[in-house]
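For reference, the structure I am asking about is given below.
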Amino acid sequence: MAVVGLGGAVASTAVAGVELLRLGSGTTDGLPFAGLEGVAGLARYEDLVFGGWDLCGDNLAKAAEVHGVLDYRQMQAVSSALEGVVPWPAAGDEEFCRRVGGDNVVAVAPSGGSTGLRPVVDHLVADLERFRSSGGRDGGPLDAVVVVNLASTERYPDLADPAFATAAAFEAAVDAGHDGIPPAMVYAYAAVLTGCPFVNFTPSVGADVPALEELARRHGVPVAGKDGKTGQTMMKTVLAPAFRSRALRVEGWYSTNILGNRDGQALDDPASLASKLGTKGGVLDGILGYPVEDHVVRIDYYRPRGDAKEAWDNIDLVGFLGQRMQVKVDFLCRDSVLAAPLVLELARFADLAQQRGESGPLEQLGYFFKSPHVPAGARVEHALHEQERALLEWVRTGSASVAGAE
Amino acid sequence: MAVVGLGGAVASTAVAGVELLRLGSGTTDGLPFAGLEGVAGLARYEDLVFGGWDLCGDNLAKAAEVHGVLDYRQMQAVSSALEGVVPWPAAGDEEFCRRVGGDNVVAVAPSGGSTGLRPVVDHLVADLERFRSSGGRDGGPLDAVVVVNLASTERYPDLADPAFATAAAFEAAVDAGHDGIPPAMVYAYAAVLTGCPFVNFTPSVGADVPALEELARRHGVPVAGKDGKTGQTMMKTVLAPAFRSRALRVEGWYSTNILGNRDGQALDDPASLASKLGTKGGVLDGILGYPVEDHVVRIDYYRPRGDAKEAWDNIDLVGFLGQRMQVKVDFLCRDSVLAAPLVLELARFADLAQQRGESGPLEQLGYFFKSPHVPAGARVEHALHEQERALLEWVRTGSASVAGAE
Amino acid sequence: MAVVGLGGAVASTAVAGVELLRLGSGTTDGLPFAGLEGVAGLARYEDLVFGGWDLCGDNLAKAAEVHGVLDYRQMQAVSSALEGVVPWPAAGDEEFCRRVGGDNVVAVAPSGGSTGLRPVVDHLVADLERFRSSGGRDGGPLDAVVVVNLASTERYPDLADPAFATAAAFEAAVDAGHDGIPPAMVYAYAAVLTGCPFVNFTPSVGADVPALEELARRHGVPVAGKDGKTGQTMMKTVLAPAFRSRALRVEGWYSTNILGNRDGQALDDPASLASKLGTKGGVLDGILGYPVEDHVVRIDYYRPRGDAKEAWDNIDLVGFLGQRMQVKVDFLCRDSVLAAPLVLELARFADLAQQRGESGPLEQLGYFFKSPHVPAGARVEHALHEQERALLEWVRTGSASVAGAE
Amino acid sequence: MAVVGLGGAVASTAVAGVELLRLGSGTTDGLPFAGLEGVAGLARYEDLVFGGWDLCGDNLAKAAEVHGVLDYRQMQAVSSALEGVVPWPAAGDEEFCRRVGGDNVVAVAPSGGSTGLRPVVDHLVADLERFRSSGGRDGGPLDAVVVVNLASTERYPDLADPAFATAAAFEAAVDAGHDGIPPAMVYAYAAVLTGCPFVNFTPSVGADVPALEELARRHGVPVAGKDGKTGQTMMKTVLAPAFRSRALRVEGWYSTNILGNRDGQALDDPASLASKLGTKGGVLDGILGYPVEDHVVRIDYYRPRGDAKEAWDNIDLVGFLGQRMQVKVDFLCRDSVLAAPLVLELARFADLAQQRGESGPLEQLGYFFKSPHVPAGARVEHALHEQERALLEWVRTGSASVAGAE
């Protein structure tokens, strides 16, 4: 795995988790598909190897200490392994993500310079090729590399920009140093050029524009996204199907989140927040089959919690005889603890898809995402149990009807 | 529908709801299968007609006023229709349900008298035959009668009693006036003898003993139960599959309920409460695939809420790296508003099953129950979405594989 | 009482409540000082008479129906009395309160016209004099008139505006039609000129600028404010003193509110919201004695609840050994039901203060307000129990040491 | 301090906390009276020294590890000091506390033997005298010894037993080996005989019977109790005064607690639970001035939380116009973290009272207790802010009017 945002809480937790499994002191709690057996080509957790970029150049032992996810004994067990993982210089862009910065940047102009974005792309491609040829624990080559975006949320680019419409326009824009191309898209492009599947666990726009889809198919590269479905939205896609099933009409759904980690800090910028709220907001109407007019989603940066997060939901329901009821859900969760195992599963499945010859958007991975990236025109299934069914069907048979019957 | 406990909050709400639909002033909110169309033989809500027994002889307008579920305008619209529905004398037994009584009782000894239970059974059978032949709105015959048990929860009978093991032993015990036979079983027996499907929406033991199953099959009568899955347990069977799906290990699940209606009053008797907790307690382990040692369920009688109910759950989860998380769910619900529409659906489906020639336990109706009554040896599926899938498959095709893949 | 915003939910609830008390069918639940007896000069609830202004000219029976606070029986009992209460044309200003409007406006230019604000003031003064001389139930004169501002929240004016610094500057600005003077201040000025105590139950800036304080003292008029302390902030001023008492350090306090009434609609305008958050935000630090850096307050307009309101708080505490704890409070309240009785008490006490010869800010009424208006330089006491003690002391003795020992 | 139950979570946390303060690495968070200065005779936290009894003979380092209250760094800092604190053999009685046992018992028959209880009392007196003469850090004498009961909750003794009515009857019963005398009373008696103030932080019956009060006064020994007011009940005595102040009528109050530590285990015995519920149940009516008929308190043993505890409250309120509202409070707290600092304060104040010449029940310490032990016939004040005021008044002046005006 080559991770964009390797020094973040999710990535460092994932790296530590794999290391603990290798040491035999971890459990498979939280790993949804630990029980899958006999699936040809599916990588083992213990065989995953990590590299990647981060604007902060600290090694992962230091990063993990800052994030405070691991307990004391776990830190002791994995710190020497984590010390050996040092992020490569990254290609950030303050225009797209204001609250989070760092000085571990690639030594070419990150955007808009006279030399265009091409040198940056070349740099990232070189990173990936070097990792593929010598990233193994023994310094040898890797079987495959999957790029996973775990970086802080960027603001929306202008989705109507013609540069995003076709592969040709996009490549020309890269050459011209078009300053409307966000970093997530640059990484996606580098992954595609290198033949590495690209998984976008963030709300940023990565491979989910026609230009990148075209390029992904052309290069035989699967892409998957976006925005990991971990806490509140995961619960929403569990509860809403039940309310629909019982014909309890959702009159309003109020969701608020408080979190204090680097993610929360990034979202303290209204532009980044808009991206996040965009992916969180869409799940309800599709599941319920009607628009919920009072669907409100809030995210607030609140430091006392650090990586721990709290999501509070209130749902107003109307039942038989028009009588009103309320459900309140309070989820005291750990952001990285929920996200890290999903990232590991995604890497395994994206690799499996590539082995199976698939390219372009992997809609069977909708189970993992708030806003599943599907082929143009396809219906998006949000209900968690339907997504799980479709994913397991694909794992077993190689194909799946993603969208459930309406 | 012939309802045991016709004067209760659930039954009076169901009757009022059908009346409002007939008047065109109701909506189908809360009716899960209002959208089913073109299913041959499925009764329309508006065609349902109500009779039944209650220890309290007040007409349903008076009962509805006591329960306070309907709002002022709804009461005005339906009160004259409800006044015309007067419960028949009922066959209660203080030995089995202590907190709730009344004086509208059948004029034969309810249990243990020298004359045995046979006269009581004959009385109930006569009630049902009279209702079937002349219960229509115009005084004419009904197409079919379904008996639905909505009475207060009874204490457990002795399930090892040989009287419950075979049809012959049971009928002999009825003749002998065996005092270990609870009222719910007497009603189930009367329904079976009359060829009426029996639906047990309560935790009491009704048709779920071998003797009654044998009789039901012999008389070609479908039976379904038990204990309507309305609020907290419904949510449990929605959330637990999601925790299983995400491999979030459930370390403990604490559930408490406060309610102040007649149901709550009945459960203030520890013996009745034990029956209720029995049906509530079993759902988790089957869904999760491992035993949850700290699964605590409390029900407390608390009068300020009346028919409104509050269910508070706390769930302790263990995720990746052994990290702990918590989910709290607070469901401010209306007991009768959730239950009444399920009762209407059950009557429609039990009737449909009889038209389709089925008899004995209808496992495809598990969707409606906390403790689905299945044929001996069959696995019980508790996950709501799997139950819904199986039910819809049966509706469409006439058969269903109820238990999902393990 | 002459109420600014007479057609709102709080005012119509107050009027209905007094009417029910007069009819003998109300209770004193919610009236904090119903038990005070033998206090010379304190008006009886039943003797209160209501008039006032509103941008919506509907009579109060119609208004009460829209707000939906009263139940059916209460509406029936008071509707004829409420029909007789019709708001006078009001002096609103869209510049200061954008979301809520109406066409029941005074027939002079409300602001900024060539004629200045003086005609508006004269109009309001005439309203008050007419009410005082003939507002009694029998058309006779009233003993006294108290003006209470219950209008929707206005945006902040520019508090550094020299027009607000002295009485002379203010009166000149009124004459000049200065467009920076918000409606609440115009009403306060009219009240002062007429010798009527002015109570500001809203977060708007009314009499809480030096110019108005000077005028109030000069005309012998007591003023009180501001922003009624009803739900979440009331709870905050109860809990925070306890945390201080137990030395539980407040590391963060996250508060969110959802409400769907006209108040909520007004606060959907960010400028009005800022005023509201201003008065809600200040209470913690003063009570605790240190700044709470993560004190976040949110108010969201959410329609399913109407006048019912929900305030959810999460508090992060640090105790012995630096260990963290959390308290969550969910208050399902009725905005108007909490506010209306406080408004009645305020009118009684403001009148009592005037009888006792007081003028200027009444700091002993801090018990009722989120942001007590105190004389310049005085310490503000926020702890509810200290405020109650000071108020009762003043009621009994005519004076009070408001601020508790630090 | 000589602690009954020295190996428990509260005691070991208190010992660790004092050690951290001595090391300069602790803070005064959670210590309510850390800010008191210049009070003659008030001991400093750092000067407290600990001894005491426990049925489990493990040293406190081992105990602290089991309880899991301290974090890793704190454990490292204090473990060597804690290793040096080893509980003395204790005088338990399985008849009074069934769920918690141990084998570190005094070498005389604990109850009902032919030799009577006198040898046990003599043994405890000898423990205290030895501790007083040589318990100092340097092996020298202590200025004073306070006995604090932190043991697991015992079942109620028979309060009508004549043995508890007078000093003479009690001493005769001790001599006779009367088996109705609970261990807490035996410890209280030993403390009194030795001239050591006795503080009862548990719900058990200790010095709160006439016989012990008489003995305490005769020996010039202050006693205080009972049942530390830490979490849910503390909040109750903060919120109830506010509801009373605002005239919000409490129609019902439902409280449930889940906890998994040794305390919770002891309370899993219905007899011990009854004692606990007794002290928790009484606080409301006194504060509100009317009986709350639906006041329900539940405590459930629930292991996933260990020493962490959750208290969930629902309060039903009736306000103006009879309208209903609800408040829910969820307190995620740490039992020992809340209790330990109160224990330290109690020891300091009990000692101060003895220095000031007081004996018998110290009603000014009601601030710390769920069920304040007051002289016979005195009104019990439960409101936290009134208790705090009275305590501070006593600290400053040496006397206090405990009960506020009604």
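Just so it is clear, A, B, C and D label the chains in written order, and each chain counts residues from 1 on its own.
The definition used in the following text is that a residue touches a chain if its C-beta (ideal position, glycine included) is under 8 Å from a C-beta of that chain, and two chains touch if they have at least 3 such contacts.
In this text, all values refer to a predicted model and were calculated from it rather than measured experimentally.
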*Could you tell me which chains are in contact with chain B and with chain C alike?*
A, D
*With chain centres set to the mean of the C-alpha atoms, which chain is at the far end from chain B?*
C
*Distance from the CA centroid of chain A to that of chain B, rounded to the nearest Å?*
45
*Calculate how many whole Å lie between the centre of chain B and the centre of chain D, each centre taken as the average of the chain's C-alpha atoms.*
48
*Find the geometric centre of each of chain A and chain D from their Cα atoms only, then give the gap between the two centres in Å, rounded to an integer.*
51
*Note the residues in chain A that touch 2 or more other chains, in rising order.*
328, 330
*Okay, in this complex, where on chain A does chain B touch?*
13, 16-17, 20, 26-32, 34, 69-71, 74, 234-235, 238-239, 241-242, 245-249, 318-323, 325-334, 337-338, 340-341, 383-385, 388
_Which stretch or stretches of chain C touch chain A in the complex?_
251-252, 254, 256, 258, 293-294, 296, 298, 300, 302-305, 310, 312, 314, 316, 324, 328, 330
